[in-house]
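To start, the structure itself, in structure tokens.
As written, the chain order gives the labels A, B, C, D and E, with residue 1 at the start of each chain.
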Amino acid sequence: MDPLIKQILFALLTIFIVLNYGLIVQGIVRKIGARVGRRYGIPFYQPYIDIIKNYSKRTRISHGIMYYIAPVFRLTGGIGLLLFIPVIFGNNMFQNFSFSGDLLLILYFQFFGVLGMALGAAESGHPNSAIGVSRGLSQVTAYELPLTLGVLSLAVQYNTLNVSEIVAAQQGGILNWSFFTNPLASIALLLAFLAAMGRSPFDVVLAPQEIPIGPPTEFHSGFLGVLQLNRAIFPIAKLILFMNLLFGGATNWGELIIKTFFIYMWSVFVGVAFPRFRVDQSVRWYLGVPLIIGVAAVVVSKFF
Amino acid sequence: MVDPIYIVAVLLGISFSLGFIGKKSENIAGILSLLALGFTTLVSAQWFYNFVTADIETYHIFTTAFKPPFSINLMMGKEEALFTMMINAIGLFGGLYMFDRLKAAGKNSFIALLMLIMGLNVVVMTRDLFNLFVFLEISSIAVAGLIVLTQNTKSISAGFKFMIATGIISGLLLLGIAFIYNYAGSLNIDHILTQNLEAAKGLSIAIFFLMIAIVLEMKPFPANGWGLDVYSSAESGVSSLLSSAYATATVFVLMKLLPFAPENLQFLIAAIGIITFVFSNLMGMRQDNPNRMLGYSSISQIGLLAAVIGISSVIGEYTYFIVISILISHFLAKSGLFWIAGIVKQESIKNWSVLRSNKLLLVLFGVFIFALTGLPPFPGFFGKWELVMHLAETKNFIWIFAVLIGSFFEVVYMFRWLGYAVKNDIIIETKLKAKIHQIIPLLLFAAAAFGAGYYVSSEHPYASLINYLPLAVALGFAFIEFLPVFIKNTLAIAAMAAYFYFNYESYNELQVIFAAIFIIGGILTLIAGYAYKGKRQGFYPFALMMFAGLIGLVEATTTLEFFFAWELMTIGSYFLILRGKKSIKHALSYILFSIGGAYLILAGFGLAAIGKPDISIGILSNIELYAPWIFGLLAIGFMTKTASIGLHIWLPGAHAEAEADVSPMVSAILLKAGVFGLIMLFLAMGEQFIGNISFAYILSWVGVITALMGNMMAAFQEDAKRLLAYSSIGALGYVLFGLSLMSHLGWLTAISFSVTHFMFKALLFLAIGGVVWRLKTKDMYKMGGLIKKMPFSFISVLIGIIVLAGVPPLTGFAGKWLFFQAVVEKQWFLQGAVLFFSGIIAFLYCFRLIHSIFLGQPKDEHRNVKEAPFWILVPQYAILMVIMLFSMLPNSLLKPIGDMLMPYFPDGAITWDGQMATTALGYWNGKTVMFIVVGVFAIVFGWLVFMNRNAKKVKQFNIGYAAERPFLPETTHYAFNFFAPYKKAIGFLVAPGITNFWHRVDEGAHSVSDKFTKIYNGNAQSYLIHIVAFILVIYLISFGGF
Amino acid sequence: MLRNSLILILILGLAAIMLSIFVDYTPKEKLGPVAEHYANNGKEEVGAANLVTAVVVTYRGLDTLGEVSILFLSAAIIGFFLKIRNEEHSKNQIVIRYSEILGTGAKILVPIIILLGAYVFINGHLTPGGGFQGGAIIASAFVLMLIALPRPALNHRVLSIIESFSGLSYVIIGLLGVFLAAGFLDNQIMSLGTFGTILSAGAVPVIYILIGLKVGTELTGIIGNLKEIQNEE
Amino acid sequence: MSKEHTEKRIVYSPEGDPIEVNPLQDYFCEDLPEVHKASSIAILENFRNWARSRSLWVLGFGTGCGAIEMRPLMTPKFDAYRYGIQWRPTPRQADVFVVSGYLSVKTLKRVIRTYEQMQGPKYVMALGSCTINGGMYWDSYNTINRLDYYLPVDVYVAGCMPRPEALLAGFDQLKKIIREGRGEGYNKYAEEFAWYKANQKKIIKDWDMPDYNW
Amino acid sequence: MQNIGIEQISLAVGFILLLIGIWGMLSQKNILKIIVSFTIFETGLNVILVVIGYIRNKTAPILDTTELQTNTAEKIVDPIPQALVLTSIVIGLGVTALLLVYALKMHKEKKSLLINDYKDTKW
């Protein structure tokens, strides 16, 4: 088989696995949230039904071309991000397209979807969308700072920006994980991760009552369906990235699922325990403790 | 050749014979006078010409049959020829200019004019002290007469002050002469000097009186209130005579008598001169009356000349060159400006907008202002250059500082004035008409200013290397201003293309890159100029002048050429910026920062040239002395152009208010001049240290903070072009940081980012310019929903912001990727993190830009707007093509730059494998990223189109609006204060501290200026007290006691 | 008070400077080099018995030309300075009372004074005096006339023609020196004549006559102008 | 907002040319709703209906006093989420409109607008006797009596007020209706649009919307 | 200072006149008095000039006797300062005349001869 075709097929397989895993984990997480609130909660497969329902809608309206293709940007951003991350360590095929670029490509490609989505939301002409985008972008700038410091710290530690190499360097035992070898960077990254997942207390972007879920407020039917697909893939891609950076990557899908699930749980636990921050609060918070930790991480890894 | 004695004889003869003429025949009197002056001008011109071309010997004129010292003799040397020529010319043309005024005052006023010129001629030529005194008296009495040409309280009291003051001064002069005679037994200058007189206290006091009287004639600070009052109240033509002729003669007298003065007195005179220069210019800043302002300027220029003459023993043989070039500039420009002031007749410079009704006068006004402030190609430029070079060579750094700060003050008020004339919105409904006899002198003097510049530069060993061709082409466009824009634009593009085509082979790679940004970029932005209708007067000469300066920078081989080009570019861009709306303030701050920066560069070059045989750029690379200083001065100088933090406040306004195609020119292209300078500097000087800290390290933080602050301020702007302007500040911060990394990757980033920044900033500014063109507003919140009206502009902006934000897969990412490779390699993580942070902030304003303008709710007013003009779109799409090419094939951009950098930074280069770039740390393949992204995008898009094939197209208010319906687009479009929460969180960072700082500096300088001017209280006696006190103080300093 | 003390301090300072000069001053014992040359050679070179005249008219002739120009210039300036009002207010002149005795006396004295003046400038190269002194004496005659007589018939036109004529002639004589003799203002365009007689010293007497005329008319003109202005009050 | 915003006005373009603005026409899509046929592939349609019935997104719009009875559905005691019932803040994403109780004329206008902004298939559930016959407000000058004059109601839940359990029963009923393919209320609305609109306009005096709010 | 003669006394008088003149110009408020002070100043200068040319026990430089015509240099005072003083006087005359006219004109403008009243141009 042509290696390229093979590669593409494996990429599709990756996407398929991640999509399903993402949807299920979404359902489970919501279930957990319900259980914390002493409810029974939705069935774990509810996200599937919601997506099918949304595709089954018969009417849809369009606000314009950017609105129309915004979900495409969003999903392309999610899938692309996934494809640029080496998923399974030691498996050539599940490296997907990570040969295209290193960690920096991944960090920057996140914004591809964000930007497209923001544009689509803006074109709907809904003020709440624009407010949401404003909040979202503001918050992004805040948490990217500790994130970058953490990543830079890791880059110093391993002297590379190649994700596969970072994973390789963490092999050989739990204590080799960056989480243990570089705790400061890990803390900075995990704090940044909270907002990156967009969960409480950093979910003011989507505040459902105040600005009816913000940017996607006008999206519906098939458009919303595409966005929901992305909501399944994109967090998992991020989780895989954090897993690769901090927790030694995964050598098989089982390991991947376990590790990412626990990383996800971190944000879930924080989310169910803390109320929502206002944007300025979250921005200030990120420019406080996490920033200091990030700076400390960089300084420590540079000089020690 | 005509004996110079005829100058005296003819002037006297004619003035005596005017008595024969009856009262009604003033015309004849006037014409006779002018003929006489014309004759004398020719005589001295002829002498000067022969001195220059034939190198003849100095000619001595003996009166009576006896040789000096027994009789009075005159001398005609090269200097005398030049000075008398200037004096006679100003007499002739000043007389012509004032012809109707003099005529109205009667034939006797012609006598005063002739006598003044005659007196000054003899003052210049004579070699006898007492004769000097007599003819100086003639001149000052003649001036006192001319002052009352217009008789009003002001002029009469000013004349009285003048007479009383000159009375005391000439009394002291006579006292000095008397006692010199007492000790020397002779009055002949040469004779006295050749005697070896024993140093008696009385003699030295006599010499002191002689010198101090001459210095007082030059109106030193603070004993000069009488002079200022004359300048501000006399007829403009008379002021021009006083400033140009009288002052010129006193300068010469000082040169002539300087050998009398002991060394410490010479330095004292120099000190007085430089203090006068600085303080008069400082006080000039608060002036509102043009004549008085010019008076301050005159006094300051003469003070500078006194300073130069005073330290001639230090400067050496170049004193003459410096004095002449500064003096000629002052002479031509000051007379021209006084004359124009006489035509305009406005008491306040704010009302000078009336000058706009007469284009010719406006142009002349600009020429004179530039000549006066010592900008190229006028002679003052070369004078200032040589002065600084020689002061540096002799390590008189405080003097350099004083010269530059004084010049800077002068620039402040001169350009404020120019700004008012070109742009102030006070409309005065009068059409300025200048009579032909007023225009001719102005035209001739303006032409002479250019000619003098050429002459002076040809006298200079390095200035003669300057390539004047681009400047000549630019000036040539001034003569075809009557042609329509289409032809001029085509010609301009053709000229630039031809220049590039014929020259690019002689450039090295670095030069090619920057020449390409400057020239090709220039051509691209010029294409947008086709969108303009009419003649677009005043655009092409300056645009081309700017490009001439830019290409001159690239081609410069000596520091002089570099500085020349730098100033040229500043002038051109200043006018381009001044063309914009409400630009008056911004253009002023632009020129102030530019000139301030240019002075720093000048000082840096001066220091660099210490002990070097020549001034080629190469000297920068082997500097033993003061290297950190030189580096610092030059770096700060260049950073004024790259608008680094602290020096950036000129940029937002200047770029934002400019026209649609000027904004990209100044923002995308012009800023790269600073980058080029920095590159040159770094290449030549490498890393420099203050103590243990590397300059590069400091600059890296400057760059980082610039990037952060620029981007953050951009996020909070309401004005689209201001937003882009702040974004330029941020982007140039990146470049500065890249350069300061001093590594292969850092430089690769900086240079490639310069290219990329050119592309996206030109794209964005053109696109936004097109929008502003149609919408006639720059406030983003007043726009909205324009995507449907201006889809092509939208695509430009979309691509532009994606590149700007550095989002893959477009070429902007290359810059970001390289940056972090470089940062990690260099291990400057904190800077890297802040840069990343500021890169994210770029998203804020990028989104805001596209959202507020193109998305959201369209406004009712804009329902019928059309797409931006075709010719503004053309360059955008040309740039888009290139962006796409570079995005697909990043190595087509990066590899040549990398190769170019190999000689300088051989380590840490990128290895290329097809489009795959690999560094020690990471890798990136632009092509596959592009394919993957496009592939995934296409599939998802197909899926979505299939799902949503029957989507219903709705209108702007069909939104779920909390069960209500929107009522007005204005209230529904969320765009004003878009990042309010963000501002709430970290808005304190963008408090306008730096702007406030500069405002305080400005206010402080003005209030100091105000305080100082208070000493001129208008009372004649106070002025006399100043004079006496001045004499006493100088005496005490010079003798250290009584 | 402050101002006056400041002035006093300044004057004391100046006085201190003057004192330094004064202390340093030693009376001359003999002539300086240039003066010595004049004393020894003046007779042969210029031929004027009055050495001061020799210096004034010949050796330092250019200064004298300047002096004449200054007077001329002052007169000219005063002329146009006062001119504007002249035209405006020439109607309402005030008649000043005068004394008959004074008037008659003046009429007698004026010609004599003029004669004296002429004598002084014609003999300027021989005896003390000269063009300036003679001119001043002539002018004093006119001043007397102006003060003593009610409506002095001062013809400014004539004055100005005499003034211009003498000035121009002076310049021309100066230039003749360039053509006929050694240089500008050389007195040897005419023969030096016999030392000590009226026709000696070459052009010096001629020049002094011209200067005398010129100074006389110029001073008269200045005073006449001032007087006219006063009449307008 | 006053009425003047619906009247024609003149604005001036940047060049100064006058532009006439007709708010109701210019800002809104004027097209009328269409009937959307169900897919002819029965199995596909059944699958979709199943999905629709298991994923009922309720618009969070409390129109009347009954809104207070919806809140308990989210609490642990009733937990409607387990039935696939969720609340959405925007009509665009909602499937079910619960008209909770009495409906004043003022609110009716908003309800109509919101309903029309939902995407089909969409369902209306009416709570309480007030929506059936006016209930205790039967003679109010300001409330409507019968909701189905104005909107196609799929399920009525009677009571004043119905308890949350009754609501759950109502949802259950709605699910059944949907699964049976009878949840076509929005098609009915499109078919008899003229009648509904006439009724609506008869009672709403200050009609300042387009006929159909897309 | 061993023998104070006529030269020193005259010189001192000259300087004192000079200083009185300057003092007058600096302190007198009346324009006419200022002009008078100026002439005093001029006179002082002229006195000084004459003093400079003076040589004790020598005669005027007028060679009207044959005795004077030989060895002239040892018998006469310096003629040059005398020539200079003539020029200086004439110049002083011209300036004074002009100043008086100025005073006249200023008085016409404001009907005042106080120098403090003429401060129209300043700063």
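Brief remarks follow.
In the analysis below, contacts are C-beta pairs under 8 Å (C-beta built on N, C-alpha and C of every residue); 3 or more make two chains touch, one makes a residue touch a chain.
Being a predicted model, the structure only gives us computed values, none of them experimental.
Any chain touching chain A that also touches chain B appears here: D.
Judged by contacting C-beta pairs, the busier of the interfaces B-E and A-D is B-E.
With chains reduced to the mean position of their C-alpha atoms, the one farthest from chain D is C. When every chain is represented by the mean of its C-alpha atoms, the one lying closest to the mean of all protein C-alpha atoms is B.
The mean-CA centres of chain D and chain E are about 112 angstrom from one another, to the nearest whole unit.
Averaging Cα coordinates per chain places chain A and chain D 36 Å apart.
Measuring from the averaged C-alpha position of chain C to that of chain D gives a distance of 116 Å. Averaging Cα coordinates per chain places chain C and chain E 16 Å apart.
For chain A, the set of residues touching two or more other chains reads 59-61, 212, 217-218, 221.
Annotation for chain C: residues 7, 10-11, 14, 21, 23, 25, 28, 31-32, 34-35, 38, 59-60, 63, 66-67, 70, 73-74, 77, 81 touch two or more other chains.
Among the residues of chain D, those touching two or more other chains are numbered 90, 92, 214.
Applying the touch definition to all chain combinations yields A-B, A-D, B-C, B-D, B-E, C-E.
Per the touch definition, chain E reaches chain B in the complex via residues 18, 22, 25-27, 29, 31, 34, 38, 41-42, 45, 48-49, 52, 80-81, 84, 87-88, 91, 94-95, 98-99, 102-103, 105-106, 109-110, 115-116, 118-123.
Those residues of chain E lying in contact with chain C across their complex are 1, 5, 7-8, 11-12, 15, 18-19, 22-23, 26-27, 52, 54-56, 60-64, 69, 72-74, 76, 78-80, 82-84, 86-87, 89-91, 93-95, 97-98, 100-101, 104-105, 108. Every residue of chain C that touches chain E in the complex is listed here, in rising order: 4, 7, 10-11, 14-15, 18, 21-23, 25, 27-32, 34-36, 38-40, 42-43, 49-52, 54-56, 59-60, 63-64, 66-67, 70-71, 73-74, 77-78, 81-82, 85, 126-128, 130, 132, 196, 215, 219, 222, 226, 229. Of all residues in chain D, only 36, 47-48, 51-52, 54-55, 57, 60, 75-76, 79, 81-82, 84, 86, 88-90, 92-93, 95, 119-121, 214 touch chain A in the complex they form. The part of chain B that touches chain E in the complex is made up of residues 130, 134, 137, 141, 144-145, 148, 151-154, 156-160, 163-164, 167-168, 171, 174-175, 178-179, 181-182, 187, 225, 228-229, 232-233, 286, 292, 1013-1014, 1016-1021, 1024-1025, 1028.
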